[in-house]
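So that you can tell them apart, the chains are marked A, B, C and D in the order they are listed, and the count of residues begins at 1 in each.
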């Protein structure tokens, strides 16, 4: 019986092997791809066997560090499954893209991506605070190395930015977890289930601040832009697609259930910040001068929106937030791959040099258009479905909140249309002629296609997703909702 | 029967998929015919389904079917629900029928365009979206269709994507419509919060439980959506710009189908709107003001398609008046006839533009009657129908709307009646200004130069472009006979069941009286147009430079709506966004934290370089001092 | 009797220690340290630690100090480093720290109550007793020290002899020669200048 | 016997602090090593004095071992001085500041 521990162990072991053994570029790529596909296969098995009402599944619970009461306790519920699925998918696509693009010291870069995957799955399946913490902070290490070693020209400053922001959060979270673990009755105990409701306001604040920074939520978004813009495309895809979702996931699956009283009391803070961030990010996105900045700001907006959804503390908000995390992961990963592809092929991502790409590039135009339309939540898309749920939840929370948030739809339309037309339409940019190959070809296309197909599939039948997730997501916020008197 | 509707819905989608996948493997013409045949099949299915619906007893013509659940969360669930009744049937016929004709027309119109396959795929996508909009049995699915037609409209307006103006217009249309989507979505949220359901049947059943305030707010929000989609005041500015798209698009989307979705929405939701009488009055007022305003603006426009676009706005405003007066059937009836004559006018205009190699300015036309007689004849039918001249179709439908105003006999009714008649005068003037300037008068130098060669080359146009025009001309001429006051009664009786609370129908006498007035006023308008524009005359120029020149200028600037939006929203938003991202975000959120951290580190660094200077004995000194201090501490503490 | 010896010896020890620290010439410092060691040996004898005192004289004064003197002789005059540029606060802080420690210890020592000296066995402090302890209870420590000493000896050889003087490239040699020639010339001229000035001064 | 343990300890502390001043203030490695010897010796005195107070030989053994270590330290230290000399470096500890941050 395959448990989720396997999905963590396999990529981790493969990463170590890749780092230690002298693989050639081809061999390393194929091994990494194979491993990531194997993980994806395992996840598909999970999806197939998953019982929506069955609580935690595919888990393990064994002693790990006995003297500290730390247990290797992992499990998968609906929300975890959703996040693990996109992790597996996006990692596979990122590795595929890395193979296609060809990196120096490729075995190391693939190993680090696989390591990130292992840590991420650890975060998404953790049922013990220490396991969670190790995954949450551990994933930063390979990502930072990837950024520092394979990033763009401004990578040094970007790394400093990221470290400066996240180090603070890390420390606070560690303190919060230590408090929860060591004040447990009957000796140290880090089990999440036993920590419910034991924290006070300060612990909540420390924990929340760490997540706010990681997500990121306005006003702690300063590190996002350089990090996303300077990473190589596949790393940006992982970073924005999954790593940032770890923050949103932790809000929903760790913070709110662990601190129901505080979550209910201070929900308004997060709702306010989420609303501001949603509108702020969207508003700023439409004056950026290159594709990746537009997508980065839209990611800030979307993450704020997701957290807003979590803190609505109802079924609509929680399910919608989970769904939105998945959708946004797919969209932003694909967009970053696409924008990165364009940037590397053309030599610049600036709108000044691009434009008119739709002409005689049908595949590129189609993919870009589908992604753009999904990103602006055109009705009927899966992004629309999830945004609709969150906004409906917001409207049920209070009509004015729903009304304010709905303005975001217009902003999203504005910046995405600007991106589409700046890249695809109008006059042809001066660097467009140098694109080689001129259109998306097999290699890069194959990395994008799974993401696009998943989006289309989710658009056709979003209920297939929400049915599996609804029970778990609702359960996660139910105690906080009770505290809030809803 | 419902299977047929499902097939109707599925066919265009299959078309999209086929055209996208086969793509370049198909010859351009083959793609066009494939798409057209699919549309024909869809039309036939819709027609058969309608006949089957008609064959059912009158009280039993409302079919609801759930295909699958699309989205769930807690107690909220949205299905792919189908709603098939008389109104849906009318819309299906219009969409697929006119859609088919325009597909055929497009084969000829786009034959020289290398991207015609993409065009056909978009067209099919549009038809699919529009069908989703009208067959939906719940508001969310309607919103899906609503958004998808906006998307297809965006794609098609911006079809020639190397034209910056086209792309700008497409974006403008999409964003305006997004504002409408927001209104509609908020309306749906409100209804769900109040009633706990989003299905039509649930809303209709619960509508009477709503207070008037609740119902009014919900209706107002729905109206925002309707106004944006139907290009009514104050969200109308996108429609004239949308004429940058290919002409068949203007005919199909921006005249016959999509822009009438607002009317459809109000007619569809009539059991709800009944509970919001103030909103209904507001709709009438929006309609009256809109029809007068756009009629006036149309008189001074010089672009042939823009004139027709403003006329579309004006005609949809009539439909708004109709539904606002609770005479829903008149609105839908006018929608039906309008689809024919307006598509006819657009397609005719497309033939003219085609013959003139893309020239759209009517001042560069003139005298085309001789070279394009068939086009002239067909467009004349359309123009007469548009001007509401008896016995053409527009006359019956428009007069039915105005007669309802007379019948209602309230202040609002009188406003509608008088405003509508004034509008008829304007309609006559601008329509025949167009006709006279294009087809009569002395040919302009440009037309003289271009036309003979063009006609000699391919006649008035390829037959794939001419035949749809002929068919539409027939439609524009005869569809009005569905409802000859006192004789036939089909439009009312067919649509009557859609309004459970009943709807307004004028008496036969009121009808004929209005028809008389309407025709007379229309003829007066035509006469004025003849006087001013049919012959060479300096009258228009005198007006232009005379006492009314400020007014003239205002009209030419479309009453400054675009300038208002530009100055009130677009520019401040652009400036604010640039300011925020360039000055605030970069300094406050990106650099300040890092810079602050850097300053802090540097400060500590500088402070410690005094002792951390690499000289070992200084380290030892610190060590010794530390030991001394430690012992001192222990001593003082008395340990 | 004891107390007189104690004060004389400790006075000598302190004086010689000050000399070690304060003398500019390391040769003198080393000799002062020798005096310090001898005074300390006297103090150790007062404490009945005959063997340690003997070892102090033989090992320290005999072996270690000789090594010091050799090295000082080898290094020569460049071993003399004056006070140089030393900031006054450094001096004050160093003195403060040292004085602080000394005073604190003295305060503690005189504030505490100790028992009387223990009664001694006959062989207390004799080489036999020490040797027995070293070879039984403290064998491991003894062996470890011997290993450390051995390693230190190896290290001393490596440091002192293994490192080859940096060989200068030809260019550098030439540059250096030119520099020293220049310097000689300058010194010579300065000497002449000084002499002239002196004579002129005398003349004036 | 009239000389008490506190006197020995006090002398030891004074010697120790004198040596410390030397270590802290002198810049010649040779002088520093010499000052260090003063410090070590003062500690030896303490060890022996306590040993006498208790009446066991442990302290004396300890003092002997300190001597051994001191010898080792001197060997290494002097080796370094010789190496510096051979490399024509200035014998000034303040010049060796690769440790600075």
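One rule holds in what follows: a residue touches a chain if its C-beta (ideal position, glycine included) is under 8 Å from a C-beta of that chain, and two chains touch if they have at least 3 such contacts.
Remember, predicted model here, so these are calculated numbers, not experimental data.
Averaging Cα coordinates per chain and for the whole protein, the chain whose average falls nearest the overall one is A. In terms of C-beta pairs in contact, the better-connected of the chain pairs B-D and A-B is A-B.
Comparing mean CA positions across the assembly, the chain most remote from chain C is B.
With each centre defined as the average position of its C-alpha atoms, the distance from chain B to chain D rounds to 95 Å.
Centre-to-centre separation between chain A and chain B, using Cα means, comes to 37 Å. Note: centroid distance chain A to chain C, computed from Cα atoms, is 66 Å. The geometric centre of chain A is 61 Å away from that of chain D, both derived from CA atoms. For chain B, the set of residues that touch two or more other chains comprises 621, 624. The multi-chain contact residues of chain A, meaning those touching 2 or more other chains, do not exist; every residue touches at most one other chain. In chain C, the residues that reach two or more other chains under the touch definition are 90, 94, 97-98, 101, 105.
On chain D, the positions that touch chain C within their shared complex are 1-11, 13-22, 24-28, 30-31, 33-35, 37-38, 41, 44-45, 48-49, 51-55, 57-58, 60-61, 63-65, 67-76, 78-83, 85-88, 90-92, 94. Residue ranges on chain B touching chain C, taken from their complex, read 618, 621, 624-625, 627-629, 631-632, 635. The touching residues of chain D, counted against chain B in their complex, run 20, 23-27, 32, 93-94, 96-101.
The touching residues of chain A, counted against chain B in their complex, run 157, 160-161, 164-165, 219, 221-222, 225-226, 280, 283-284, 286-288, 297, 314-316, 319-320, 356, 358-359, 362, 366, 369, 373, 378-380, 384-385, 388-389, 391-392, 395-396, 399, 402-403, 406-407, 409-410, 413-414, 417-418, 421, 424-428, 461-463, 466-467, 470, 474. Considering their complex, residues 605, 608-609, 612-617, 619-621, 624 of chain B touch chain D.
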